[in-house]
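So, here come the structures, one by one.
Shared between the two complexes below is chain A, which pairs with chain B and chain C, respectively.
Entry: the complex of A and B
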């Protein structure tokens, strides 16, 4: 039993490691062929991501929002749901945080605002799924766009900053999450993300609710036969997922210098929901795995700057190489998921 | 069966999202970046010209998420920086930004290294990041394009008087319409942000001026209506196309685009309209923006309102090299060559700065054999407009440069409304003077 459990952990770990190596090697070939030194480039990547304290701070701060959105995807995947609505939820989490902190100037209430917004925006897809049988992939894709344009309207209209046309109202200084290190972007938000991941782990594997979620994820009908209400499970998985993404949006505006606001085109909160899917896949939809894969993604992001400055690799090339690594790393998780879906 | 279809679909979505997650922020396709090829061969050699040039011999440019290959802002900043690097024997380091959260670390890492005489941030989106890093590194000099940071001794803000350039665009549009007996012109803009009011206000001023000029010249009263559309996007050409089609349908005779990539849709719409009329060349015409865009659609684009980011960047580097640094605002207008309507030479320079393969592809797409053919076609496009109109536009330019005419600069909703309601250009000028006094 114990050996079995160990191999349960070791196998995916080993697979991921091999995948990383394959990705890195292919990336090196691409770099070499394009006329850049792979050694120099990777050295710069590593140096930028983990070679200094500031590098670490960049890595961890970049990991923060995608750990949270990764959790959104993971908890729904564990429930057999393919929730790609994290993106839209992040927008509303960020907006709610701005509204709440401007009303109350209190960081806790800002986070609560993000959570409430996350829950509310997760519900439409959940209810449509449970009561009308609308497939969540369709509904969440559509809802992402509704969220995008609604949020854009709010950002440009009611929440626009009268003193600075390029962004929304700022989170007031008293409601910002404190930085863990001066002169960096690493704030308390990272700790919040870690705690959220641990709580998600606890819920999934140490509570009745978690058992219900996972059971209905393995086999909805069997779960129902066993006395579990899969509808309840699905709604809960959306709600918990919404909380995580809402937090991602809230912590991003409350914890990231310099602007502490949403910029005009929302580019500073765009894309985290989609990144989260990759993070979750690489982390095998496991909350603890997601912490590490989130940091891995964060390191790639942080290292990108150094690859440009130190090794002179243009950003397009950096993106290509990182894309190759990410795809390679995601393959095992993707394969698992595909097998599961096809089996069902 | 059904399941496998669903599975396939899921794989598709997944694969897409995984790939997307690897390259978020790269929506704009970029032409292959040329790595800076100006080796710092003789940096400390030519330091005899001015008094205190203790130079480190390098400058850095941080691009915004549009990145190189946008044929606009970032490319023009590169043009200016690479020219300066060459002229002053400096090394040029380029850094692109993948997402907005990269601005701060990019700037910080460059400043930390202490290797650069000047760090140039391209785009207003970096304003907050530059402010913060400038405070952290008070001995590092920064320049920001389009950002407003008036009060830091180590930051120079490169701004442009887009209202002046847009006034010329308006005069051109208004006179073309009046000359053809038309009474409507259009302007298609991006997201409704205060910066764009400068463009719209200047354009309206130019049109009113054109009405007046035309009346004095021919004795005929004209009243030109301005159709304006804020598309709510800077990236979606389809929106520009729809907006321009609607304006053409209502009879707009010239359309000025102030909308980044959305403007490409405006050019398409005008081009298709011309084709449907069996014409190869306008009118109706489009007017380009930011860089000399005329080459994109010869025959369709009569001129472009250029924002010479390259001039601004070059001037900022020059200040550092010549030991004449002064933090604060550097606002470039018609008089400084910071804005203006494109000439054939500008278009040639822009076209020649493109990578070879892009040039070749463009010529193929246009069905032209050589660059000369393209330039001949551009000349011919301009000949569709009578000489006196070009001279009139030049007259307005000279009057603005000499200060005889003041173009209003609208910064907020209230001010642009005032301009929209004004009946004559003199009335607008009154507004301009009033606002200048109060600010």
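Entry: the complex of A and C
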């Protein structure tokens, strides 16, 4: 029994590790084929990400938004749905935080603004799913594009910074999240992400609501038979997910120097929703696993800049590695497969 | 008036090609019971490699075939995971989409040394059949129509089509009758992804003539919405594709038309295809029925 429980934890862990190794190895092949030195590239990446205290601070600050968006995907996956709308929700979380902090100059109200925006933008997909049966993959992707263009309009228009064409209005100094380390980009936002992960874990496994979410994710019909309303579960799942992604956007503009605003082309808030899906899958859709896989993907992001400077490799290379890892975790029974191949 | 109608017609026909090709592929794949949400990523990667194949070979048609080839490889990956390893149907698709974001973001600077986007030179692009002042007609338009009608005919009028539909509707019965369920599911998946690959290469070496990180712009998912709209029927996907193509073309046209974008911000026109997609899907559901074993792995007892 005890050995069983251990292997229940170890097997997914091993499978994620194998997926990461596959990603790194195929990434090396891609580097080689593209004419770069894999050893030099990876060495620069590791050194940049974890070779110094500053590197670690960059790793953890890069992990912050993708832990939060990872939680969005995880909580939906635990409810048996695929909410891939974190991407668009992040934009509105960031925009709401800028608006709220400029109105009230208060960090708490800024975060609340992000949360409200997150809930509001998550609801259409939930309602379309529950009342019209629209598959959430289609609706959330469409909503991501609607969010992208709407946010782009707001960033270029009403929120444009009159003093700086490269970014939007800033979050005022009094509403910024305090830094954990002087001269770094690491702020209270990281602690918020960790607390959010722990709360998500608590909700999922220690509350009635969490039980309902997981039950309707495990077997919708059986849950319904047991008196659980799957529609309610789906709406809650989207709402909690929206809160997490809204926070991701809000903390990014309130706690990430130097810009404290949305930069041109929304570059500093773009892509976190999709990164979060990878974080969640590698973290096995488990909030605690997501903290660790979030830090791993954060290290990739932080190290990528150094890889570009030191080894001359385009920093987008880490996205290829990330993509291969996500495809590899999608292979079911990866560990059993490896064992079979090794035995031969 | 006439010239405006002709211009809208040609534009819609041009824009419907990638959506219709992908929808038709998705219909075949899902009729056999395999869901693939990775078409968006296939379109993206095929657009990148299609342009690369066209420019290295010097022939735009090789580019189109190269895109189809990339689609085929990604379809084989999806088929291996879902059909043979009995894996989840959604997660590998998400994986391919995320992989595509990385491959294209890295590929553009790695292949062409430019950041952000690459313009495909005109002599490496498919030349139009007819070129008028109101727009042009690509040879890919009649080819797309032909692919749709042939696929439709095979799916509903041949023993091969019957087997494809049988393994998606009732694989147990098909298996009992001696149909190799795994083989037909795998081949249907590969066919679907190959058509999407062709559609992706069309974006870069024909219609738009450019490779960017956003070139697919959600068309892979719009194609899935169109598949639902069609009731898993290729010819009806052609009609739906025209509607989606109309709005897609409209948003591209407005963006490049300063007279209109001064009145309405272009971003609000750009969101039209996505809003239309949501409305159409929300309105059609309940009136169409997916194949019974759609998205479910089949394990022999």
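Rule of thumb we're sticking to: the second predicted complex is superposed on the first by the 288 of 344 C-alpha atoms of A that agree within 3 Å, B and C clash if a C-alpha of one lies under 4 Å from a C-alpha of the other, contacts with A are read in each partner's own complex, and residues count from 1 in each chain.
Convention: contacts are C-beta pairs under 8 Å (C-beta built on N, C-alpha and C of every residue); 3 or more make two chains touch, one makes a residue touch a chain.
As the structure is a computational prediction, the values presented were derived from the model and not from experiment.
In the superposed pair of complexes, A:145 makes contact with chain C only, with no contact to chain B.
In the superposed pair of complexes, A:256 makes contact with chain B only, with no contact to chain C.
In the superposition on chain A, A:338 makes contact with chain B only, not with chain C.
Of the two partner chains, neither chain B nor chain C is touched by A:226.
By the touch criterion defined above, A:268 lies against chain B but remains apart from chain C after alignment on the C-alpha atoms of chain A.
Shared-chain residue A:158: touches no atom of chain B or chain C.
By the touch criterion defined above, A:132 lies against chain C but remains apart from chain B after alignment on the C-alpha atoms of chain A.
With both structures placed on the common chain, the touch criterion links A:305 to chain B but leaves chain C unconnected.
Counting contacts by the rule stated earlier, residues 82, 84, 137, 152, 271, 274, 277-278, 281, 314, 316, 318-319, 322-323, 326-327, 330, 337 of chain A appear in both its interface with chain B and its interface with chain C. Within the complex, the chain A residues that touch chain B are 48, 54, 58, 62, 82, 84, 137, 152, 156, 164-167, 183, 185, 256-259, 263-265, 267-268, 270-271, 274-275, 277-279, 281, 297, 301-302, 304-306, 308-309, 312, 314-316, 318-319, 322-323, 326-327, 330, 334, 337-338, 341-342, 344. Across the complex, chain B meets chain A through its residues 3-4, 6-7, 9-11, 13-15, 17-26, 30, 32-33, 35, 65, 67-68, 93-102, 104-106, 108-110, 112-113, 124-125, 127-129, 131-132, 136, 191-195, 232, 234. Across the interface of their complex, chain A is touched by residues 37, 40, 77, 81, 85-88, 90-92, 94-103, 105-106, 109-110, 217-218, 221-222, 224-225, 228, 265, 267-268, 270-271, 274-275, 277-278, 281-282, 285-286 of chain C. Within the complex formed with chain C, the residues of chain A that make contact are 30, 34, 82, 84, 128, 132-135, 137-139, 141-146, 149-150, 152-153, 157, 271, 274, 277-278, 281, 314, 316-324, 326-333, 337.
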